[in-house]
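Given below, in the form of structure tokens, are the structures.
Next come two complexes built around subunit A: one with subunit B, the other with subunit C.
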Partner chain A sequence: MTAVGQMTTSAPTGGTALRAAAGETLLEVEDLAVEFRTPDGTVRAVDGLSYSVRAGETLAIVGESGCGKSVSSLAVMGLLAPTARITKGAARFRGTDLLALRPKEHRRYCGEHVAMVFQDALAALNPVHTVGYQLGEALRARHGVSRGEARRRAVELLDLVKVPNARQRVDEYPHQFSGGMRQRVMIASALAMDPEVLIADEPTTALDVTVQAQVLRLLAEIQAERTMALVLITHDMGVVAGVADDVTVMYAGRAVEQAPVREIFAAPAHPYTRALLRSVPSLATRGAAAGAGARADAKAAGGRLDVIPGRPPSPGQVPSGCPFHPRCEVAQDVCRTDPPPLAAIPAEALTTAAPRAAACHFALDVLGGARG
Partner chain B sequence: MAERAVVTRTGGDDVVLEVRDLAKSYPVRRGVLLKRTVGEVQAVDGVSLTLRRGRTLGLVGESGSGKSTLARVLVGIEKPTRGQVLVGGQDVSTMSRAERRHLRRTVQMVFQDPYTSLNPRMSVGEIVGEPFRIHPDAVPARGRRAAVAELLELVGLDPDHANRYPHQFSGGQRQRIGVARALAVKPDVLVCDEPVSALDVSVQGQVINLLEDLQDELGLSYLFIAHDLAVVQHIADEVAVMYLGRVVEQGDDAAVYDDARHPYTRALLSAVPVPDPTARDLPGEIVLEGDPPSPADPPSGCRFHTRCWLARQIAQQSLAGPGAGTEAGGAAEGDGPVVPERCRTQDPVLVRLGAPALVGAAGGPDVPHTVACHFATVPVVPQEPPDLREPVDRSAPADRQEPADRQDPADRQDPADRQDPADRQDPADESVRS
Partner chain C sequence: MGRYILRRSLQAVGTLFLVVFVLHLLTTFAIQLNGNPALAFFGDRVPSASQVAAVEARFGLDDPCFDQVGNPCLGPFAERLAGYAQGDFGTNLRGREVTDIVATAAPNTLKLFAVVTVTWLVMGMFLGSMAARWRGRPADHGIRMTSVLIDAFPIFVLLLVYRYVFSVPLSEWARSTFGSDSLPAQLFRPSFDADHAWASVLVPGLLLGLAGSAAFIRLVRASQLESYAGEHVRTARSKGLHERHVLLHHVVRNSSVPVVTAVGLTFTEALAGAVITEGMMNIYGMGGVLWEAVRGSDIGLVIGVVTILAIVTVVVMIVVDVAYAALDPRIRYE
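Take a look at the complex of A and B:
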């Protein structure tokens, strides 16, 4: 991986003196709310979201489709659609509230410190320019390098994310790339910004597992080298288990549980987290005996995947009380009326010193294994 | 499951879709004004597949190996450079216009990219109802509104949102709009290119359960392309693994998942991330060395030889130990990794392994297990490569499984049934375990 080293040492900005010490909180989102104007009224896509991520660490954000993961990230980047409005909250990068900056300032500031890998890889690439041109422009804007140098580094970046035959492919157009290659171009162009915080929105969905593993290793290396903070939005619980330090679980626009990765997998404190983890289809293989047996079990059990009953709420019609109550297997009367706040779990209920929080009236019972 | 088995069995044998020796290449052009063709990318290079009624064929493989290209050729969006696509036994290239129109209705596709495959200027209701305009006889005009609402409901979207536009939906919501559109005209065959990759596990489970229900009720057939091997294992009756434009291994799901023989398939299975943070530091992933080759200039001999861990192992053993390398042939040193001569020079074809089982694992028709590797059955003296791991039980968190059940040997179909006992000793299996 010498290329990583070259990339870093040749990056003229982001000198090591400015780099955060590992463990320093870099990005802190607090009580963020985002609304959209639509023909049927205002919908609140993000509703009081808080999270923070430290230098050199990875925060995974998981949650149901449509719960506000992408919208909240775009809000942090200052890239929301014109119909969107941030109604409250802050997003502080090293203490500076990005949301208080003017739009132009905001984007310039992010250009220097915070980069994002967008979920829609193809839509984010310009169809009329070659991949190399687009990567090169990003490098020129960020590092002010010459055209020739930008091109050389564009090839290097494509190589880094394992696009085959990078020297030739750099002159091709996005439609000539496969889904996974486009996704890797997006990762490469975010890395070209040499960010201190990287928000990666589903960066590996189009990658096969071996390339995914390579890309994740690459991110980890770069992260360690530059003490970069990574916010990883993903649906893949295997990826979360493999790379995250902390996990934030979102439901209906807010965080419902926050915990270190080992703890949350071992004993979730929110019924939604628990149901989500139960829905993960696991691969039955390895040591043929165990594999075939497990599959026979799964198929005998009706061949259906576990799911959480009901439909996630639309942002316009969030249920009263706890937003999860219509689908929660342990809901009580109080859940229908009183919204549970995201509250710290008392230290005596924890197995480690790391703090945890959950937004459930019965978090302690759920954590303790009671209730379902 | 019982119900499913019945459907599969009765409808099991009729082939709805078949491709024979299919190839698709794209020209590589250079030059600013006058584009000269300087070569070609062989995106798909000689693939044969069979899809039967009421069954699901899973297609997995390396990013860029040609899966989406194959899908586009199958549904008729692109023309193959070589080979045939047969739908219901008829060659698509010889069909009349009317037949082709009908074909476009019977074979539908869910596209990989949920962002660009939806027209941004059409409302979601119009998008999902569009196939009705193209195929007006599918649903009478009066019933279309209700049909659209029902389709949205089916995929877990709010029917009241039919008047919204694609940009107002999240990634996973758009993906489901694509699924709803493809189901609109009740196709016989659905080609799904990564249909659930943007969905959280619960919604993903709902969509998969829906697809399986529809299959049970209507006898739909699916070609299901995905990177999530657990999902493919769940939904597919048969699995084909692609590498660089070719199918390198194929068989029923039990054969491919439990008895994978191609070193690429093995690497793929080993790299599946485990949903258990305590398993993080266990060794076990077979790391593929080297860079993925380009389909514009595929390697000689076996296309996988530049990255094949098995070939390297065999070559090392034949250099080191007497007797071990007779099959391997003279391993020679050149540039690149040391691999057996055969791997560098001879292109392995898909060959059938051992004797077939009488009944496939899912109760369907017999599906041969085929592998394209010179050393698919050659026993190798076990050696301990640094990057192969002990078998780990990589299943979910402890509270969810009953280990006793999973180990029960009576539950499983004996793999020995499927092949000659003499071939049983499995090279890679041994090395993984030792």
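Take a look at the complex of A and C:
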């Protein structure tokens, strides 16, 4: 985790509350499974997901639409729909398993310690309250801060996320903001109580590319400044390259590959990761610090976008064996019958000390470039 | 906001003018087809030609246009508008000022209305919220069943059953148990008593409110369910706010927008209900006055009362619209 070490030593330590020491594991999700009751029976949307994220680091969770990224985050926040059930697993914040708490206790960690930024800020913000009200709401309701003080803090938060004219805009309503500014408000709202962990669920998907880059840069800045742990959910590998330290690639509710960002870009160990990397449009123009291997791959594909054929399975119809096998270009017979476990890649196959894991029968071959 | 109110007020004046004009056309054609309403003044007596002419002159019916079928009678209409502008809403056949009649009748209607509105607001908000909160549970099913059941009994059926089946035995029982001047005895009186106005409008008002609340319960439930499903509610929860706070500031507050719209619609419905209720329960109110005026062919009184009711309705609509805009900033800033 060399990149991380550099980042945290150069970052100024947050001045206000007692911050976690950089590198301390703040959020640890272990073997999480979430099921939904549907008219067609019970379906498993998240199946045995584990990840952890440390103070001052960013974990990117990547995968196509419907692979369970949002559901797993909502489970951590205790915000799942009533039809959902967490069937197993833990989500530990500094050692406390949030999922084992009573809902009321769990709720207390939300916002205060673990906060979430939602994808569609227009829908996620309340249209009938001013931005200022929504930014100061939790401070007032939970910390008993006065109206005037809450307003002052709201202005500060808007300044923090670089909304111009904060003093005036604090009294406006969400629909009066542009998409990018609204997403900044959403981020400010999540930061209101100075959480140690921020889960950002596709915070830039609804925005156009230039605004995306600005918002991502802002998130990275704030994260470094506050030594926050950031879980960045995205379906865009291009986003990952610029900001993440570690990557978890999800497919059909499971983690299929987990590795530091440099390693995964240099040499993916799972065919799905490799396919995702090929589908990234012009990594170079995004200024991404991508590994040379990925660029070579993109070139090999003739510079075109190489979309993965087929669609990801819905949770009710996960294929037997390896869930990716119908779309995998290197699938073998064994893939159709035996599900590959998420297994650590032996140290001798790795170029750095950082551990990696992949759920593929042929991970070593893929990693070594022997397949595909 | 100021410009919004101004715009709505101007629209309202236009609407009002249209209502009054249509009313004028309808009554004019009725007079032209049915014959001289001045005759109603004399009841069963047969008046002389000069007597009829005098009465016609007094009620503004002497214009020859009233004898020509199809003539819109714009002259008398303009005269009447000029009268309205000076607060003169005409007189009834007995020469009593319409405004005076309304002044004595309106307070009783308002009392009935207050009971009706409080009943259905409380019932609707409370039961609707409960149903939404416990969606799919027995409480929800029970409340929805009840609301359908209420709908199956139109207000006049409720009133008939109450008045002719329950009211007499109940009031007799109350009189013999608590004394004839006791509150329960007043409550269950089968007809209106001006000395105990509140007591005698209470039960009819509750029934009318109950009948109106059925649709309102379903509306509150539906709009709150929509709010519950809203992503902003999830955001509010993600901030760690108490469920009670989320409910109040993000569910109920947001669902108040459609609810206020419904209040406006239900108001007009309750007005119609009040006419029936007052007629059936002999309550001396606006509805009762109108009921009598129509039966007695008292055209002047009908026009005056309907115009005043139209003004009240339009004013309520403006108030509702302004409340709507106050509650939903997206409308205010359009």
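Just a few scattered comments:
Methods note: the second predicted complex is superposed on the first by the 307 of 372 C-alpha atoms of A that agree within 3 Å, B and C clash if a C-alpha of one lies under 4 Å from a C-alpha of the other, contacts with A are read in each partner's own complex, and residues count from 1 in each chain.
The rule is short, and it goes like this: a residue touches a chain if its C-beta (ideal position, glycine included) is under 8 Å from a C-beta of that chain, and two chains touch if they have at least 3 such contacts.
All figures in this text were calculated on a predicted structure; none of them were measured in a lab.
By the document's definition of touching, of the two partners only subunit B reaches A:V307; subunit C does not. In the superposed pair of complexes, A:P319 makes contact with neither subunit B nor subunit C. Looking at the shared chain after the overlay, A:A141 reaches subunit C, while subunit B stays out of its contact range.
In the superposed pair of complexes, A:D120 makes contact with subunit B and with subunit C alike. In the superposed pair of complexes, A:T205 makes contact with subunit B only, with no contact to subunit C. In the superposed model, A:M77 makes contact with subunit C only, not with subunit B. With both complexes superposed, B is the one of subunit B and subunit C in contact with more subunit A residues.
When both complexes are overlaid on chain A, the residue A:S279 reaches subunit B alone and has no touch with subunit C. In the superposition on chain A, A:Q176 makes contact with both subunit B and subunit C.
In the superposition on chain A, A:V128 makes contact with subunit C only, not with subunit B. Within subunit A, the residues touching subunit B in one complex and subunit C in the other are 120, 123, 176. Within the complex, the subunit A residues that touch subunit C are 74, 77-79, 107-112, 115-116, 118, 120, 123-130, 137-138, 141-142, 173, 175-176, 186, 189-190, 192-193. Within the complex formed with subunit A, the subunit B residues making contact are 1, 4, 26, 28, 30, 60-65, 68, 112-113, 115-116, 156, 158, 160-161, 163-164, 167-173, 176, 194, 197-206, 208-209, 212, 227-231, 233-234, 253-254, 257-259, 267-269, 271-280, 285, 287-288, 291-297, 362, 391-397, 400-401, 405-409, 411-413, 415, 433. Those residues of subunit A that touch subunit B in the shared complex are 36, 38-40, 62-66, 69-71, 81, 119-123, 159, 162, 164-165, 168-169, 171, 176, 178-181, 202, 205-213, 235-242, 244, 261-262, 265-266, 275-308, 311-312, 314. Residues 230-232, 234-243, 245, 249-250, 253-254, 257, 327-330, 333 of subunit C are the ones that touch subunit A when the two sit in their complex.
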